[in-house]
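By letter and in written order, the chains are A, B, C and D; residue numbering begins at 1 in each of them.
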Amino acid sequence: MEPPGVAHASDPHFADRVRESFDRQNAMHLIQATLPLVEHGRTEIHLPHWHGVEQQHGFVHGGVVGMIADSAAGYAAMTMVPPSASVLTVEYKMNLMAPADGEKLIARGEVVRSGRTLIVTRAEVFAVKDGKESLCALMQQTIMVMHGRTEK
Amino acid sequence: MEPPGVAHASDPHFADRVRESFDRQNAMHLIQATLPLVEHGRTEIHLPHWHGVEQQHGFVHGGVVGMIADSAAGYAAMTMVPPSASVLTVEYKMNLMAPADGEKLIARGEVVRSGRTLIVTRAEVFAVKDGKESLCALMQQTIMVMHGRTEK
Amino acid sequence: MEPPGVAHASDPHFADRVRESFDRQNAMHLIQATLPLVEHGRTEIHLPHWHGVEQQHGFVHGGVVGMIADSAAGYAAMTMVPPSASVLTVEYKMNLMAPADGEKLIARGEVVRSGRTLIVTRAEVFAVKDGKESLCALMQQTIMVMHGRTEK
Amino acid sequence: MEPPGVAHASDPHFADRVRESFDRQNAMHLIQATLPLVEHGRTEIHLPHWHGVEQQHGFVHGGVVGMIADSAAGYAAMTMVPPSASVLTVEYKMNLMAPADGEKLIARGEVVRSGRTLIVTRAEVFAVKDGKESLCALMQQTIMVMHGRTEK
């Protein structure tokens, strides 16, 4: 547990920084993930269901579900830090609650508590089938703020 | 916590079942992972470092590290169950302890406790750089055994 | 991940069962915890701040925070199962986000997804200081349903 | 994930500091836990099975198992930091794998990776019954080092 958080200076360009970082992640391109929503303290990553991300039953692979949950929550944290800082995932825990069965997935990440050094986040992943969302995964995550280290 | 485990009948063909399942996972092919070791209660997944699995700093993406850790430990669990059963990841927790920096990664999964319905596993992921291994991630996982449901 | 859940038969006496189980837990009495709220899918456990539950800085011990979070969420799960079943904690993950500083703590547990065999829950723990609540811990948990095994 | 760790200066009196901190924890006294082993990077906490720490089935309460696992691993981390620093639990994840059934419990904590700001640890809890140990819980934990803040 960390001592009471020091508010981070607000950065009007946080969404640009987050989108540029996302664009530099080859692994997000590899799985065809996109980042359609970046707000202060929360983001959404979308993933189409295509053959390359499937496991042996034809659902989206649990590891891929983890990738988008981890990234959505990590980028939610990044919206809270000053431009002179970057963020790193310390750890996360994820429950896979139902098969990721649908035409696309939506991972919604949000900040729960923002401290100076550590940010706690969570993410929910929904499978969208015939336009209807169902919750398939739940994640809780710890992010570290690296002050004075931009992503460049 | 589960009541004392009932030993699973030993299956002489467990390695074949595990390899066949791995081969059906498109997502493992997508990231170019391989499964060179399958023993009773443990497996290894290897991943070459190539551009498609990188994050923004040129290291292997933490989500990809999670994918191979999850799979290595899940397949370690699968070696313990009878041919008439399959396994599902209930949840996992992973610490990313150092950048996944090297020419390849090795995820080593092993079973800690095998019960009739639940199997607890752990995995360590090592980055291999100039032939030297360093531990970069640690995972603890819960697997559910689905009796009477083969992967087909 | 578990296959789609089968709805549990509703039990009109769930709150009585939960309260009776809580009363049989010596460890809850030892720390002076109480269970003032039991609803379908959620509960609250309260803990006064007294010297016996303190750590070295005079805040409530993180392990005690974990005890009430684990129990609040586990009992939220128990409200969902039939009288012929009992529940067990498979695992939980908890972030301690701020010192548990106040005159009492409130742990709020709730069910996120209820399957036939596994129930996923979460809990938040608040410190109440001068009547004002602040979030100090966040937990995510997996519960197993033991069908045909009452607590007696 | 944190950048490569900076080795902490070795403190010849680490065991004294750890024992003094343990002695200041009322909650450890409340449950009758003791700290018979403190080595560099690992500790052991012992807990007698007595009525006050039981759950409804007469086993040791899972929350109490969590308390000793959390503390054993946290104190293992504390052995690695300089006298001018203190440690805080950021988060932990614990699997309860078997009933804590026996005349006493032993929690063994150890450091997996020690960085400048974060230390990753794990703990195993064994139930000792008729002199025979069996593994009943497994924990993975993240500890934060507070430089320049002694426990006083």
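A few comments on the model shown:
Here, contacts are C-beta pairs under 8 Å (C-beta built on N, C-alpha and C of every residue); 3 or more make two chains touch, one makes a residue touch a chain.
Since the model is a prediction, treat every value here as computed from it, not as a measurement.
Set side by side, C-D and B-D show the greater C-beta contact count at C-D. The chain with its CA mean position farthest from that of subunit C is B.
Taking each chain's centre as the average of its CA atoms, subunit A and subunit D sit 31 Å apart. As a whole-number value, the distance joining the C-alpha centres of subunit B and subunit D reads 28 Å.
Chain geometry summary: the mean Cα position of subunit C and that of subunit D are 22 Å apart.
Within subunit A, residues 1-3, 62, 88-91, 93, 95-96, 142 each touch two or more of the remaining chains. Listed in rising order, the residues of subunit C touching subunit B in the complex are 1-3, 88-91, 93, 117-118, 142, 144, 146. Chain contact summary for the complex, subunit A toward subunit B: residues 21, 24-31, 51-57, 60-64, 66-68, 70-71, 88-96, 151. Within the complex formed with subunit B, the residues of subunit D that make contact are 1-4, 62, 93, 95-99, 112-113, 115, 120, 122, 135-138, 140, 142.
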